[in-house]
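Look for chain A in each of the two complexes below; its partner is chain B in the first and chain C in the second.
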Partner chain A sequence: MQFHRTFRRLSLPLALFLAAPASAFTACQITDTGGIDDNSFNQTAWRGVLDAEDQLGVSGRYLESEAETDYEANINSLLGGACDIIFTIGFLLGDATQSAAEANPDQMFSIVDFAYDPPLPNVLGQVYATDQAAFLAGYLAAGMTQTGILGTFGGINIPPVTVFMDGFVYGAEYYNDRHGTDVTVLGWSPETREGLFTNNFESLDDGRAFAQNLYDEGADIVLPVAGPVGLGSAALANELGVDELMIIGVDADLYETDPERGHVYLTSVVKRMDATVYQVIERAMAGDFSGGVITGTLENGGVDIAPLHDFEAAVPAELMAELDEIRAGITDGSIMIGGQ
Partner chain B sequence: MNGAETLQRPNAAIDLGARRRTRIVGAILILLAAFVVVVLGDAPGDATFRLSRPRDVWVLPDLIVPAQPFIYIAAALTAFLGARQFLRGGGRWTTLSLGLGLGLGVLAFLVWATAGNAFSLTGMLQATMVRAVPIALGGLAAVMCERVAVVNIAVEGMLLAGAFTGALMGSVVGGWGGLLSAVVIGGLFGFILAALVVTYRMDQIIAGVVINLFVLGLTSYVSSQVFAEMRHLNNAPVFRAIDIPLLSDIPVIGPMLFQQNIFVYGALIMVAVSTYYLFHTRNGLRARAVGEHPRAADTLGIDVYRTRYLHVTIGGMIAGFGGAWFTLGSVGRFDENMTGGRGFIGLAAMVFGRWHPVGALMAALVFGFTDSLQQKLALLQTPIPSEFLAMAPYVATIVVVAGLIGRARPPAADGKPYVKE
Partner chain C sequence: MSVNESLDAARDKLLQRAAPDRTEFEDLVIVPLFAFAVALILGAVTMLATGVDLATIGRSYVALLVGSVGSVNALSETLVAAIPLVLAGLGLALGFRAGLFNIGAEGQILMGGLAAVIFGFTFSALPFVILMPLSLLAGALTGAFYAGIAGWLRAATGAHEVISTIMLNLISYRLLDYMLSLPWVQREGRADPVSRSVPDAAELPRLLEWLDPNLRLHAGVFVMLLAVAFVYWLLFRTKLGFEFRASGASPDAARYAGMHASLIIVIAMATAGALAGLAGANQVLGVLGRATPGFSAGIGFDAIAVALLGRSHPIGVLFAGLLFGALQAGGRQMQVDAGVGIDLIGIIQALVIVFIAAPLLVRAIFPWGFRNRQKGTHQ
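What follows is the complex of A and B.
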């Protein structure tokens, strides 16, 4: 009885607190294990929610997943009407999102990097033709390397990671075809689907060790596709100097989000999750939300490579012109990535 | 039943046991040789190991190994060792033979994977050392605690606390200040653990887990709430490698041992000092007595509580130093849960190293070697799936330890609280 009364006393302000933000629309985000401040993947998606807070007046909440076992628990804790739409960030949350969506058909969900087949009526998947942007990065890197060797490594061998590595390798190969050069990419083979993986998205010192490994084998430009782990690679490049090692960032423009080491990033393969998240919130608020997929491409600006910033002067104008040409070629379909 | 017979019987039992072990080892080696020939036998081309790096003073030519002949020779040697063990080997040679056989197997595998290709052997060995450091320091911290019978599951949390403090204080007052603060914070958590388990006799495992969860939660919170806003608090300098004159120019092992940062040198020195302390000084003997038989130690006038407090705090300081490696010795910034379970691997290294500082270092090096080996193999595009390669460090550590080290015995009173009468 005592307990009951205490509980009720507590729960009244709690309910008020939950209702207090009083904005018409609440968008909730569940991160992957990289955390909300990973300078990359989860942070970019969260920026979409923050933009919507500023411009559309929604209120945003997020929950971080410390481990893969947290996914379901985190989704469940946001169910029950507190959120108008729940964003689950990342391919690894695919199964947890599906089971929650099927159990709660009235709750709107949107997942990044996952497309359901067949589509679920209450889940909108956000997918990205990242290989298009990574293709440009691979071409640029192949044009900039001094040693003729590029390197890449990934977090886990899953499609949203390897799609970067595919595009990067194909871009370098396309450069070889055009210029008769022999630039090789270490760390990923699109044919065997095997390569170099840290098997986590957390250990920054892995990023350093893996970049060192590639550097020891002669690579002078490295593309780490492992969220915050790539920041460790940037630390190595910072120590060695950009004449020895350059890094290509992923997801966000790391020149902006990692300003202390910004000068080591040749460019970044940008996945505009903030834009698609914002777009989904807009749609949901307007009431024309439906299940299915939206795709970010070079054409609609959903993916791209970041500005060169400090390397602006170092990259030859010819190479930039070729990149523009390739961008047009990918958009109009005359260049097929990986020859498909 | 005369006296001589009763004396002989245990000897006979030992002989039988040793002979059986010898036979088993012999059979394993013969099987290994067969495996090497059948599975790895087909390796056309040469395996090239680059020994020098572009800026080395003494440039060595690449080590070029004709793959197929090497693999057959390695298999033949392994088979010879196995047959010798199986037929007439003595107990003394068993461990050595197994070690040699496994080593040859690993070499054959390496040559097979590299056939027709090349990689930097020097780089791999240097990485071995770097990857071993946090594990060795975690293991050493655990050794200091368990030698006085306190199980320290909290090594992981202490590493994380050290990493966090190193990044924060390193950003504010510079590298050395950050390192010192990390050591102090590590020591503080050691002291808290000692207070919980020695004075309040809390279950040692629970106390360790509580510290781990507390540190993980607190540092993740500050990282996402404070560091995300105030980036200058999470931008610490990194201790760079210091070349030791002359020694660092030695080919291959020079870069591995003498072109490293202070954390590597520090770890090696600490292992040496703590070995000397534990096994060759009076205080070390007292500490071990507290771990083996606290009642007896107490009777002889050793202050059991004080000894435990002291050593657990020192263990915490070592873990704090090891934690600072993640930020001040590697990447210069903190990120949530960046130690990624290395403390737990350190605990395993302690067990594998039989509660001995040098043993823990060796186990950490085995782990570091297979870890950097699997990275090279992933680059060489062997037909082995990357997930299996990622398992290799753990599997190798288990095989080496189970095969070569055998049964390990923890300190007798390990994990038990002591109640003074």
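What follows is the complex of A and C.
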């Protein structure tokens, strides 16, 4: 008994000492609400740090934001030299990141979905031309719909969310122009900038309810742009069956990250935050980090649509050929999204 | 029986009445301490069960301590997290004393905070000495009004405040979304529901910025301390406070004694709402600088736990709020250092409440520290 007690007394500090990480470079990440395991937005960005852990030998730490009040506090607790670079994930962290970056000019920051104007010298923004990939998804969905009605809804009415919805609507409209069809998209109007929003990035119940409403209005393909909220929509599609309702995933390839319901995803609008986060870590480690913006596009692979997986056989070959043609058109600039 | 003996007995009786009862002390101090200890142990068991190894558990509790009291920044973060919890908790404690179970602090926080922001940016030309206090006052008054609705419904129609405050919470969420989208409230150039920022003159000034620009401790800490003193004075030193407590202890007796039960309900709810509104104002003027849909962040519900843990006593609420603030600040460090999810903090908080609510269970687990009592002597 005495031995046991002594052993326990000794083993804890020893274990603490041994477990202390001895890595040269530390990358820290602050998620948006929704959690690190959201199968979508935050998880994709965190993937970039995990890849860097594997391949570059950095050590990664993360901190989840449970509410918007956490942003500043979370950044605060990562300051003080523990992190070589701090990633803040999401547009809504823009203000908190800016004030922290200004107060700590020697700390490297990188923020996803935000570009400062004028740029801050110690913040590298990662932004994405997501409308290019969403355009392809909209075109594909318009070609696949049975009812002639598509649906979309967003988490919060902020640019990095609505850019998906813009591309989706324009893609469907482009299909209409080419084929003389009359496919409509419910849930977003690029002209009035108004549409359906759950006003959160957490509630799976909202995801189900919004998809149900769109389905009741006749939509048979729905694009939820709200991180994990879309998992609720996928659960509904899983129950109804893919003949009734298909889902288009966002951020990650949801077929891979949500394997239980993988078969309901027609495709996903992939935003390769993992690739850009990794790239930023590489730059920071090499010492050529500077403030500014890096942009993910269809051309550099920063955005794309995911493979069709189970739907490979269901999508007609000519539709796939048209998609390739459009992809080339967007890349060389002959197709302007939204006519701009 | 000698004269001396009977005098001793009489003196003991008087002393017992004057000094806080031993049982009360045990309930107020020892039970919460043990409850917290058990919660930490069960938290460790939870971590073990989810595959966290012992070293990480040790590291996470060290981080919990370091992150809550281990540095100036940690103390500052603990206080920042504690301020709204204490303010809202005081309001709820006051309600509990008056026999009102107010679940509506969340909604009152939202409405109070929104009012403070709107007042702040609308009258942005006013100087700091006027604008900041008036913005706080706007928050308190709006919170009081919003809670007063539930109080009035209870007094006038008998609608139970548990139900009506829950419903008012739901209304407040949507009302906030709506208000934040109005052109004169919404921030320029944004399409999502987010309010304009309040001017510097409306903000609760940060107290330690001269030491380190990252220290967020703000003047709300004085508001919190004043509120603790005020609620103590109100409850235990005024006629109104006596009426609150009397109605809470026995509504019928209070009524027979000539107290206006309906009026007391409305006033108690409104005071509770004012404190919750102040908590909301404190968040937007001290921490955020603006209002967003999620700015209450569940504080109104955590505050219920704080009020229960503090045994509805202002001083108890202060310490309970500080403990919860420390858990929040330390929980963050725990996630950073040990990679243990912040959800565990929620589990520990919940366990604390479970054991607080079941003092007999705590007494059964920890027989030490409690005076053996004979059957039938308590209460």
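What to note about this one:
Assume the second predicted complex is superposed on the first by the 321 of 340 C-alpha atoms of A that agree within 3 Å, B and C clash if a C-alpha of one lies under 4 Å from a C-alpha of the other, contacts with A are read in each partner's own complex, and residues count from 1 in each chain.
Quick note on the criterion: a contact is a pair of C-beta atoms (placed from the backbone, for glycine too) under 8 Å apart; a residue touches a chain by one contact, two chains touch by 3 or more.
Remember, predicted model here, so these are calculated numbers, not experimental data.
Aligning the two structures on chain A places chain B and chain C in clashing positions.
Of the two partner chains, chain C is the only one touched by A:28; chain B is not. By the touch criterion defined above, A:213 reaches chain B but does not reach chain C.
When the two complexes are overlaid on their common chain A, residue A:66 makes contact with chain B and with chain C alike. In the superposition on chain A, A:260 contacts chain B only, with no contact to chain C.
In the superposition on chain A, contact of A:199 is made with both chain B and chain C. Shared-chain residue A:177: touches no atom of chain B or chain C. Using the contact criterion defined above for the overlaid structures, shared-chain residue A:157 touches chain B and also reaches chain C.
Contact with chain B, but none with chain C, is seen for A:239 once the two complexes are overlaid on the shared chain. Chain A uses residues 64, 66, 157, 197, 199-200 to touch chain B in one structure and chain C in the other. On chain B, the positions that touch chain A within their shared complex are 53, 119-120, 122-124, 127, 130-131, 134, 216, 220, 223-224, 227-228, 231, 235, 238, 240, 326, 330-333, 335-340, 372, 375-376, 378-379, 381, 383, 385-387, 390.
Residues 54-56, 58-59, 62, 67, 73, 77, 80-81, 177, 190-193, 213-214, 216, 283, 287-288, 292-295, 297-298, 329, 332-333, 335-336, 339, 341-342 of chain C are the ones that touch chain A when the two sit in their complex.
On the side of chain A, the complex with chain B involves touching residues 35-38, 64, 66, 157, 186-187, 189, 192, 194-197, 199-200, 202-210, 212-214, 216-217, 228, 231-232, 235, 238-239, 259-260. If you check the complex, the residues on chain A that touch chain C are 11-12, 15-16, 18-19, 28, 33, 61-64, 66-70, 72-74, 76-80, 82, 100, 103-104, 156-159, 162, 193, 197, 199-200.
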